[in-house]
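Look at the two complexes coming up: chain A is in both, with chain B in one and chain C in the other.
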Partner chain A sequence: MMDAPTTDRWIRCLNLLQLVLAGIIIMTPTVWMVLSSFKPSFEVTAYPPTLIFSPTMENYLQLTRTTPFVSYAVNSLIVTIGSTALGLLFGVPAAFAVSWTRISWPAILTLAARMAPGTLFLLPWYVMFRQVGMIGSYTALILSHAVITLPIVIWVLLPSFDSIPRSVFEAAQVDGCSVTRILWRIALPLVASGVAVAAILAFVFSWNYFLFALVLSNGDTKTLIAAAFNFIGEGSTQWGALMAAATLIALPPLILAALVQRWLVSGLTLGAVKG
Partner chain B sequence: MSDAAATMAQGRQRLELSALSAPAVIFTVAMIAFPVVYTIWLGFQSFSNTGKQSFAGLANYSKLISDNEFWHGLWVTIALYVLSLVLQLVFGIWLALILFHAKRLPGIVRSLFISPFMMPPVVAGMMWLVILDPSLGAANYILQSLGLPPSEWLASPTWVIPTVALIDSWQWTPYVALIVLGGLQSLPSSVYEAAQIDGASAFKTFQRITLPLLLPTIVTAAILRSVDLLRFFDIIYITTQGGPGNASNTLNIYGFRVGFEFFNIGYASALMLTLTAIVLGAVLAFNRLRGAVAW
Partner chain C sequence: MASISIRNLVKRYGSFTVIPDLNLEIADHEFVVFVGPSGCGKSTLLRIIAGLEPMTAGDLYIGDKRVNGVQAAQRDIAMVFQDYALYPHMRVYDNMSFALELRGTPKAEIDARVRRAAALLHIEPYLDRKPKELSGGQRQRVAMGRAIVRNPKAFLFDEPLSNLDAKLRGQVRAEIKALSQELKTTMVFVTHDQIEAMTMADRIVVLQGGVVQQYDTPETVYERPANQFVAGFIGSPAMNFFPVEWRDDRVVLSQIGAAVPLDDASSRRLQKAGNGVLGIRPEHFGVVTDPADGIAVNVKLVEPLGSDTLIHFDLAGVSAIARVDPELRPRLGDRLSVRPQPGKIHLFDGNSGEVLR
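Up next is the complex of A and B:
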């Protein structure tokens, strides 16, 4: 029988080994995508696949030359920033009111969008937006994506507002502050970091959302995600450009997520887990 | 007099609080509640080829029952759901335990572990499409150099569902792991100390103590994943569009195509309402389970 310190070291070694294994499984596909995006076109479809090659920007240049990649990216930014702003505008006061009154049905109502398949809303939206000629407009896209951002903002901010001691608000009320004034002048500065996390998560999930833009955008307002399909069509023989597009589309959410990874868990589960 | 002033102040406050949540409520009713009611109404309509609309009663729903494609879609949805959920829960718990025992994880490592589910599912679909290409993909090269037969992956009617489940599990297992990790970190350490004193083995401790205490967290993770998995769309639409043939035609993909490719809005509404009922049923069932395993 082994003595305790030796067993301990073995267990730690075994655990580290598993950690590395899990890391490799998680990272390899992403690394492969990025590597492929820098491969010369004759090498990206080489079989057996190559690991060592002279990197080139050819694929990225081709992407900007042969597709309206930049204008798709601008469309994505307009829709994502617009819907995030709208989500904050509606969500911040709502989260504050829910936290104050402990009446939670408005927050639960917004969760409906998380439950039902997007197509359920998309069918009536399509019929309605078509009647008022709004298919393909930024307004329709921003409104539809705000359905994604609003519950994120509310559920990320609820615990932040809840954590402010009630006495802070009561003191302000004695001084004659109105509720709205308390929100803007006192509560909001105290939950500033929560607002930042909410905004970033809303941005990420709005940026990543596929279905609505697929139907509600047109040639001029197509977002990057909705255009991904075009890249695949053209890229069946041009994996390099396809992987360059995939890398660029994934970059903004990945950078933002890395910035707030410590606070992500509670936000991602919409309040189901306190992380 | 001062009583009246106090009541007035209170009424004013209540009004102000309602005004604060009003924009969110009005927006949600306008964008979700009203459209859902509209969809229910659309489900009772039929649209002719010329775009003429007429009341159809339950015709869309009786069509549902005799539609082989609907039953096939239901089967695909459930098969994909069960397979993915089991994979993600098993590996998610495994990953959570590893991360839990690796104390002081640097932020950069955490960022790497969350990177799959922070990127768009569409991008995950694009990258795996290239990796899993039957003739030139890296996956088949690895299989062959290990002496295993290559697979057709997404191009095979038999393997497409397991393959899509694998892609989704690659993306969302770390998410399940993060939730379970949160549960692990909030477990009282006193129970472990007691088990250690009693001389329980590591496996026994996990089986008898950790797992039962973790069950509510695991059920929570299962609910959050169920909601997404039953509505499976993005990865399939990007990689196979329901193919080959109709082998990966989930209910959500089928409903989308009926609505926006064949423009049969009435029947698509009936399909989507049925799918919504299935999602709600799963959530309610898991919620009861969560109540049963709570401690």
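Up next is the complex of A and C:
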């Protein structure tokens, strides 16, 4: 039989081992991607992989020389910010309404829409947007990406609104607030961290979404993630440039997540009101 | 300031009826306390008055205005909630000024009213603090301050003292009572604590199953309860009840046949009914020295309270309590003779529980 301190030590060691393993599994592809982006082209796919190499900016230079990378980045920003804003505009009142009325089916419906494969929407949308001449427009991309952002906003904010004691809303009603005013003056300030989390998650998911942009954009509105696909050719793939592009694409969500890490965790666990 | 009139009010949740048919008149400036056990419908009734809960049928008047279907925001009432329901993101000052700001009250007047209410409730030093920086008692005062700055037609209190410790509860209870006398506004207070009801109310509404059991002054409710439920609910420790009947030209305890020494008027009432339930408050048991004058009991538990002492004993198969003089110094196992004080007994119908008249 082990005594209690020995057992605790073992548990701590096993926990650490789990974390290290999970970290390796998550970080290996990312580290691989970043290292590869600094390798000369011939070394990217070398086998066995080289860990010691002379770093080069060749892939990044090729990326900016051969593609309108900045334009794609701007397109990505427009679509992502637009769809996040749209998601917040409709998602915040929707989440509040679901929490207020305790009628949950609209929220479940949006979640079901989010869980459905993107191709389910893509073909009807393609036909519809083509008929109204919107293929390749920012509007079509923003609207389609709202299908990603809206459920995220609703489902992140719903527990936030639910965690506000009902009596606080009732006190506001008795004080003379309309429901709309309760949302703006009472509920929203109380779920500010939740709104930030919802906005960041919506931004990241929209930024990373590939399928809609691939089909609904054109040369002028192509987003970064869809443009990166161009490096995969039928005969040869420019792995170095692809890795450089992937590294740059991954940067904004990573930086954003790192900046608001603490807020993200507290926003997801919630319970900010009671006490 | 306004009266509140509830007429034929019905409240159902689906097929479950909370309030079957309730009528109540609360006068202007009156302090009325709704009291009753959990689930009796008292909070539901208060929320209906506030406009936070729709009624199934009936009419509700605040002042002369019928307010059926009128939103809570338009009823011009103020409410203090059990958990205080302060706005966590606002300072105390903003919590108190919020309702006035919504009504477009000029800033100078808002400031004057908030500071006057803060002075009245002794919360001036906390005006710049957030609710989470306050103690329970301070939050409670802020909640009251938020209500009184508005100068509403009526104040509604939904068990506002239940989250406070015993000492603070007594203090705030006295403050609310003093406030009601100063503000002279209609107040409706919900509690399950009969001491709060007795000490604060002008009139008490005792509710059970959504039905008003008695609506009267605290003294009347205590001294002349309308039925066995009210008698048992009001008073601590609760009234003792014993089944009694008229047998051989005297009143006897049904189970043991022992004679109960009652006054003539009470004896006549029971003679008329044949049987019933005898109610005696613990403080209305007298300990007598001559065993022939009372009923002999064995003391099975002693609870010294300082000002008086509670003794527990079994009588006619019923566990009973008597409140006696601490000087008596009763001990566990002592044999005492007890008898109801003349004129202080209550008789209820054995079936309906209504008082026998």
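One rule holds in what follows: the second predicted complex is superposed on the first by the 217 of 275 C-alpha atoms of A that agree within 3 Å, B and C clash if a C-alpha of one lies under 4 Å from a C-alpha of the other, contacts with A are read in each partner's own complex, and residues count from 1 in each chain.
As a working rule, contacts are C-beta pairs under 8 Å (C-beta built on N, C-alpha and C of every residue); 3 or more make two chains touch, one makes a residue touch a chain.
Keep in mind that this is a model prediction, so the values were computed, not measured.
Contacts of A:Ser178 after superposition on the shared chain: both chain B and chain C are touched. More chain A residues lie in contact with B than with the other chain of the pair chain B and chain C.
In the superposition on chain A, A:Ser167 makes contact with chain C only, while chain B stays out of contact range.
In the superposition on chain A, A:Leu190 contacts chain C only, with no contact to chain B. Of the two partner chains placed by superposition, A:Thr139 touches none, neither chain B nor chain C. Contact with neither chain B nor chain C is seen for A:Thr50 once the two complexes are overlaid on the shared chain.
Contacts of A:Thr6 after superposition: neither chain B nor chain C is touched. Put simply, chain A uses residues 178, 273, 275 to touch chain B in one complex and chain C in the other. The touching residues of chain C, when paired with chain A in their complex, are 50-52, 71-75, 77-79, 81-83, 85-89, 98-99, 102-103, 132, 146, 150. Every residue of chain A that touches chain C in the complex is listed here, in rising order: 165, 167-168, 170-178, 181, 185-186, 189-190, 273, 275. By the touch criterion stated above, chain A contacts chain B in their complex at residues 11, 15-16, 18-19, 22-23, 25-27, 29-30, 32-33, 36, 45, 47-49, 89-91, 93-94, 96-98, 100-101, 106, 109-110, 112-128, 143-144, 146-147, 150, 154, 178-180, 183, 204, 207-208, 210-211, 214-215, 225, 228-229, 231-232, 239, 242-243, 245-246, 249-250, 253-254, 257-258, 261-262, 264-265, 268-270, 272-275.
Every residue of chain B that touches chain A in the complex is listed here, in rising order: 12-13, 16-21, 23-25, 27-29, 31-33, 35-36, 38-39, 42, 94-95, 98-99, 101-102, 107-116, 118-124, 126-131, 135-136, 138, 141, 145, 170, 174-175, 178-179, 181-183, 186, 202, 217, 220, 223-224, 227, 231, 233-234, 237-238, 252, 255-256, 259-260, 265, 268-269, 272-273, 275-276, 279-280, 283.
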